Amino acid sequence: MIFRIMAGLAAFALPFSAMAQEKVLKAVMHADVRVIDPIWTTQTIANIHGALVYDTLFGNDADQKPQPQMVGKYEISPDRLTYTFTLRDGLKFHDGSPVTSKDAIASIKRWGAKDGVGQRLMGFVTALDAVDDKTFKMVLREPYGMVLESLGKTGSSIAAIMREKDAQTDPQQQVKESIGSGPYIFAKDQWVPGSKAVYLKNKDYVPRTEAPSSFAGAKIPGVDRIELIWISDPQTAMSALVNGEIDFYENPNTDFLPLLAKAKGVKLMKTGVIDSTQGMIRLNHLHPPFNNVKARQAMYYLVNQEDFLRAIVGDPKYYRVCPGLLTCGGPYENDGGTAFFKEYNPKKALQLLKEAGYNGEPITILATTDHNTITPATQVLIQAMREAGINVDVQSMDWGSVVSRRAKKEPPAQGGWNIFITTSGGVGTANPVLHTWIGAACDKGLFGWPCDPEIEKLRNAFGMASSEDERKKIAKELQTKAMEQVVYIPFGQWDTPLAYRADRIDGIVPNTGLAVLWGITKK
Amino acid sequence: MAVITDDLAPSPGRRFSLATAIRRNPTIAFGGVLLALLIVMAVFAPLFATHDPFKLSPVNRLRPPSERWWFGSDQFGRDVFSRTIYGARVSLIVGLSVAIISSVLGLALGLACGYFKRIDSIVMRIMDGLMAIPSILLAIALITLARPGLGIVIVAIIVPEVPRVVRVVRAVVLSIRGQPYIESAIAGGTKNLKLLLRHVLPNTLAPLIVQSTYVCASGMLIEASLSFLGAGVPLEVPSWGNIISQGKTFFQIAPWTILIPGAFLAVTVLAVNLLGDGLRDRLDPRLARRL
Amino acid sequence: MTAYIVRRLFATLPVMAVVALFVFFLLRLAPGDPAAIIAGEDATSEAIAAVRAKLGLDRPLVEQFVVWLWALLQGDMGVSIFSNLPVTRLMAQRVEPTIALTLSTLFVAVSLAIPIGVVAAWKARKLVDRLVMGFAVLGFAMPVFVLAYVLIYFFAVQWQLLPVQGYQPLSAGLWPFAESLILPSVALGVTYMALIARITRASMLEVLQQDYIRTANAKGLATDRVLLLHALKNASVPIVTVIGIGIALLISGVVITETVFNIPGLGRLTVDAVLKRDYPIVQGLILVFAAAKVIVNLIIDISYAFLDPRIRY
Amino acid sequence: MSAPVLQVDGLVKHFPILGGLLQRRVGEVRAVDGVSFAIAKGETLGLVGESGCGKSTIGKTVLKLIEPTAGRILLGGEDVTKLKPGAMWQHRRHIQTIFQDPYSSMNPRLAAGTIVGEPLENYGITRGGETSERVAQLFQRVGLRPDAMRKYAHEFSGGQRQRLGIAKALSVNPELIVADEPVSALDVSVQAQVLNLLIDLQEEYGLAYLFISHDLAVMRHISHRIAVMYLGRIVELATKRTLFTQPLHPYTEALLSAATAPDPRRRRTRKRIVQGDVPSPARPPPGCHFHTRCPYAIAECKVTAPPLIEVAPGHHVACLRRPVGGGPQPLSVSG
Amino acid sequence: MSAILEVRDLHTQFDTLDGVVRAVDGVSFDVARGETLGIVGESGCGKSVTALSILRLIPPETGRIAQGSIRFEGTELTALGEEEMKGLRGHRISMIFQEPMTSLNPVLTVGTQIAENVVRHMGVPWSAARERAREMLDLVRIADARRRLDEYPHQLSGGMRQRVMIAMALSCDPQVLIADEPTTALDVTIQAQILDLMIELKEKTGTAIVLITHDLGVVAETTERVVVMYAGRKVEEAPVEALFDNPLHPYTRGLMRAIPRLDVEADAAGTRPRLQEIPGLVPILTRPIVGCAFAARCELATDRCRATPPPFVDAGGGHTVACWEVTL
């Protein structure tokens, strides 16, 4: 009897399984897609989403050289003050409407109002006007060396081109729809926040013809459907990959790398040429005690990078001690200001803090509970601070709440904070202009709000420098100043290779920091 | 003159002997001894611990059990054995305080409900409402209202447990009220307060004690579950739920981080449950039906 | 009978009213300004005031409650703070896995627990009984999440027999659907099985002491008829009661099981919402779970009439 | 003559039956339906009847453990019907009770001495050491060793527990003891001990008993007067001797004919005069409740409820076919 | 008359926390075809355990037949396999119990409960068994039998339930019917009806009845022969008239004097004669009893009584008694 029912059910289920013939990429990212506006937030996951759905005018290639992406041809005036862009043919939004200059201009303006790199660029821009439907002009106040690099940026937030009406949304508000012109279409009706986001192949997408390299070159949608599945537990995600339940796992925990390396069908892949992640301890410059530079510098005595890296990564093969702010192994690595780092000495730290006026007040640290690198790093810092005898007020919360709370400028007692820890992508941190966390633009800067005009000046100078030697010199100066001001304390850098089922998928485009999924094909 | 009747009825020589007591109530003895050991371990945790349970030692992370780390180390290089021993404190504090507080509250409300109709109809509606909300859900909903901490966790576990105690006490009070010995006491001129204190209250204690052991076990499990979900005691407190929650990521390469606190939790709950089962069989066989 | 059902339905109203009141005050009792919570972290004070006005949070509490209740009765549970999606939509898309998990656990647990409980009672004090009771006591003490990881370790990781995580809808085929539910159902069901096996044994033991069982034995009836018809049918009322109580346990367990097995159901939504302090979702979930429990109780009550002819309404 | 120890006039006790959508009262169990009697000092009045006839309800009602629906209860001439529990307390000392079930009528967590001494404390008759002295005397009096005071109820046998119950009832020197089936749970040999004790005590202290039982033989042994009850009403009330030698109500006759006797020779000679079951007190038959089983019933019996009439001095009967002065002639079955 | 059931030296024991209870301690008796044997005694004397032992219904977890023989129509029941024993129960030997309220299964219809017995032992289909059940209900004079078949026990009165029990017990024409206190829970008028019915049916079917009761009145009115039990032992056995006319054992005599009587003419003054008491309590069965079990309460007891169990003495006419001090 029971068997008969089961047989009946099986027959009923058959047509469904036949439907499942379409090629589906099941990928687990480091986070869950909750916000669908890549401009509104710097969250990496929102930008992975954005990179699938939206296209960009330029795309930096693996060597961080900008290449035209949506732009067909462009001209730079000899005085390097006027840029004329012409969109290539065949660009259409997912709702069928063509991409026009107006869309591009509105999008750049919104991005330029919100994103750190964009703000810097827009600081130079005096006019941004449409010439015709496909052509528009950008006029600068003075020459700026990073125009195309900024537009082709491969880290958060990308300069995504939206429909004009979406781009006119207040940058402080999220766009409600996620309609772009990129290689994949966001299936909003199938989106289950907290569980999965679904993308369907954009059949009308016209890719470029060049070979893909990071954000540059052809973006060929390789599968019919991409499912970004959210598995919060890294072990579960790893097991799911080993078991073949998913195809792609963006950030396996380094502890699992030996297991993954052994697993049949699974391959590991380095995401880019330099280490993908740098750890950062961010202090709040607005409130005591860290409004005093002496107090900030005292914290250097509490950071032994090796301790942090061991706790996060474990295997020394995958991490690197790097006392500088600009990525070690990157083009602008230097030793400027690294002398601020001292031997681990909690007593000394407390003494210096006291000298800076600290008197045992609680120091509020935002401790995320659900992040596989930030959580352990925070624990290590708390331990060190406690050892020093600092009164630590630990606020445990999930990462999303940290992201919300770190934006609060109020004093810690009124919902603000003193310390939080975050990480940033290696490409971004390698370049002083793209590296927004190194900035010190006061209120306009990133959370923590370091404030030092000198630093900002140096960053501008870097952007306008004409030679590589000059850039390197400015970079060193900048790092020294930033280390002195303690814009943040780095605690090392590491790389997490991505893991995927080599027996099932192919065509992964490596890109440090922001996973690129469009090229992946399924066997 | 009436004759003095013979010896008293069956009361075969019951001199107390430990062996007999254990033979008759093996579950009480087993559960009780186990629990006592755990309590000793928790109270004297600093004496038993081999390491500082809070001390991070990233160099020694995820070490398997060995002479130095009896139960291995976790991902921060902390000693799992020492953390587990300290974790017993959290579980026992939560379990015991939940059991005691909800029993006291439940007893007061249950007596009131069983005795006064007006209070009964109001309080029981509220209890029914609270009972309609699954306990973990109710607990985590309450926890969202305040900053995480041991106190709020205990309160959040008590709130869903109290209605269960109230129901038991109320049912017992109602059934006691119908007992002939209550009528007998009333007929003998016993007044309300004395009736409550001398005849009703002592007879509710046995089922209440039994119930409170189950509440205690359930409290410990809920605490561990809440911590496991990240909604329990603050992360740096080494509760068993937190140890497991932090260790779950490394289960495949360091199973000791989950299995050892998990086993301690299971054994503690087991001990409390066995004690409860034994007490139930001993004190109140009628309760056996209701589990 | 109909009158009884109607009466019982009415009786659920005060219960749900208490739940609704609790849920309503949950947000109002939350630390800080509810409008600020809903408006989000970056909101300006004007934005917060706008939200307050829009939600009527500036009006008297009673009025707020009436408005809130009216919306609720029309199926409007508000909008999630974080994803800006309607709570009802978020819950609707997650109901299926939870129901599938609950029902499959119910099925697995009941269909295993009752037979072993019956056997244990029949062979009381024998080895089988001791094994069953041992299992029951252990199963009752075993935290779901520990058991779940052990199961995953062996069945999914070591032997690769079953998926580690995830949920496949029935539309993906019967086997994928069943496969994805086996481990979660077992992990979730063990406590429940222990509970039902215990009550089955206890209830059967009590029934087996009854005079009518002696009568049945004095008639020389076959053992299976005595056990399964004469005894089990009489023992069924407490068993069914505990199955009902256990469903509450299941709902609590679902929260953990879905988290461990990464099942996109209401349980995980709960955890996510709570950790993010997404109050509208938490409110909606409490209401839905409480309603589910009340309905289960109702069904259990009604089922008594079919199990025991003495019960008349 | 002094007022009767207990007088009951037209006592009614109905228990509501709830039902329907709103759980409204849809009917009632007429447990006691207009009962009157009186008990004199030192007298035993027996209440006999089958289960469901209301005899135990009468016992509880006169003790005011349940409130009567209608009628009057007079204790020593004082109307206690409407008294609230607080006011009733004064009177409880004079009316004590012995329960049927010696197992459940003792608080399992109290020592026997405490149970017996409780009324003494309640009424402030004795204090502290005095109490235990008095309790020891009571133990002695009912045939228990005083050193058993420290034991708990479950350590006593059934008969001994009944002795405890008697001691407790006796402790406040009541005038009336309501004894509800005090020996029906006891074995024959123990039953004799308890019955003898009750009689001794009555003679010693001049107690009155309201003795409730279903057992005619026990009733005949202990009572002075006997009231026979059927479905909430007294159908016959007479002295013991009259009732057993000249039963006038057909139901009394039926009870006597149905009772067994330890005499093998009687068995073939008796004729049983009733068949069928007792109707439910929730739906008693109209008219005379007994007409459904009465071999002598006439049409009128189905309509008219017969009043309890004194047909001879001290002999009351409620039967339409037994008019005043009808005498003890046998009735005949009529169409 | 040939004995259909022979019980010899039956010992049934139970394990309790206080030790082994010797509930039945060496009891022997015969039941002849078609006769009514009474077993009488106070609670705890082992009379019900004796009945359960015959059907081998002693719960195996705690109790056992430790010794002795039970022969039914020549077959040794103590040696029979469980399945064969099941074939016998409810078929050749059936039993009715004290509490008609609790002895019928509350969740099964009356018809099912009678018919399942018939199906089990007669191997007939359900329809035929139901028909048989209806006949049986007619036989025990339950009006409207066909409708009653589909009713549940709670819909019947106490008397009717006991009739149903009798119908069930007799449905397979047993040779022996064991009735354990069948009327104790019933009201006087109902008890009379049930006793009459049992006697009538016994005469109709020729089934032997073993009637177990504590009520001397019921024994006197119903049985032909009586076994008196005390503390797990048989103390006296006699034809019913002989027993009541001339009780020989001090316990039997004590019992007869302890009951209030209805049948003796009341004395004119309405005074209340003292009942004869049997002092003391029954012995505790977990302690081995040396000598006569009644010795502790017996006014005639001598040292011999306390030391050695008395043998049975034949007083003639099938009247035997176990007492050292009896004078014949």
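Note that the chains take the letters A, B, C, D and E in the order they are written out, and that residue 1 is the start of every chain.
Following the convention adopted for this analysis, a contact is a pair of C-beta atoms (placed from the backbone, for glycine too) under 8 Å apart; a residue touches a chain by one contact, two chains touch by 3 or more.
These numbers come from a predicted model, not from an experiment.
Chemist: Give me the step distance from chain B to chain D, shortest route via touching chains only.
Modeler: Step count on the best path from chain B to chain D: 1.
Chemist: According to the touch definition, list the chains common to the neighbour sets of chain C and chain D.
Modeler: Chains that touch both chain C and chain D, as defined above, are B, E.
Chemist: Can you tell me which chain lies farthest from chain E, using the average of the Cα atoms as each chain's centre?
Modeler: Result for the farthest chain: A.
Chemist: Hey, which pair has more contacts between C-betas, A-B or B-C?
Modeler: Higher C-beta contact count between the two pairs: B-C.
Chemist: Tell me, please, which chain's centre (mean of its C-alpha atoms) is farthest from the centre of chain D?
Modeler: Centre of mass proxy via C-alpha means gives A as farthest from chain D.
Chemist: Indicate the whole-number Å distance between the mean C-alpha point of chain A and the mean C-alpha point of chain E.
Modeler: So the centre of chain A lies 91 Å away from the centre of chain E.
Chemist: Cα centroid separation between chain B and chain C, in whole Å?
Modeler: 22
Chemist: If you average the CA atoms of chain C and of chain E, how far apart do the two points sit, in angstrom?
Modeler: 52
Chemist: Taking each chain's centre as the mean position of its Cα atoms, how many Å separate chain A from chain C?
Modeler: Roughly 40 Å separates the two chain centres.
Chemist: Would you give the residues of chain C that are in contact with at least 2 other chains, written as numbers and ranges?
Modeler: Answer for chain C, listing residues that touch two or more other chains: 152, 157, 259-260, 275, 277.
Chemist: Multi-chain contacts in chain A: which residues touch at least two other chains?
Modeler: Residues 233, 239, 369-370, 398 of chain A touch two or more partner chains.
Chemist: Multi-chain contacts in chain B: which residues touch at least two other chains?
Modeler: Counting only residues that touch two or more other chains, chain B contributes 3, 5, 9-10, 230, 248, 251-252.
Chemist: Taking the complex as given, what residues does chain B use to touch chain D?
Modeler: Checking each residue of chain B against chain D gives 2-5, 8-11, 179-181, 183-192, 194, 198-199, 202-203.
Chemist: Where on chain C does chain A make contact in their complex?
Modeler: Touching chain A: residues 32, 40-42, 80, 82-85, 90, 93-94, 152, 156-157, 160, 163-166, 170-177, 259-262, 264, 268-269, 272, 275-277 of chain C.
Chemist: Can you name the residues of chain E that touch chain D in the complex?
Modeler: Against chain D, the touching part of chain E is residues 42-43, 157-160, 187-193, 195-196, 214-222, 240-241, 244, 254-256, 258-263, 266, 268, 270, 272, 274-279, 281.
Chemist: So in the complex, the part of chain A that touches chain C is made up of which residues?
Modeler: Residues in contact with chain C: 6, 9-10, 12-14, 16-17, 20, 34, 172, 174, 176, 192-196, 229, 231-233, 236-237, 239-240, 242-243, 245, 369-370, 397-398, 400-401, 404-405, 407-408, 415.
Chemist: So in the complex, which bits of chain C are touching chain E?
Modeler: 124-125, 210-212, 214-222, 225, 229-230, 233-234, 307-310
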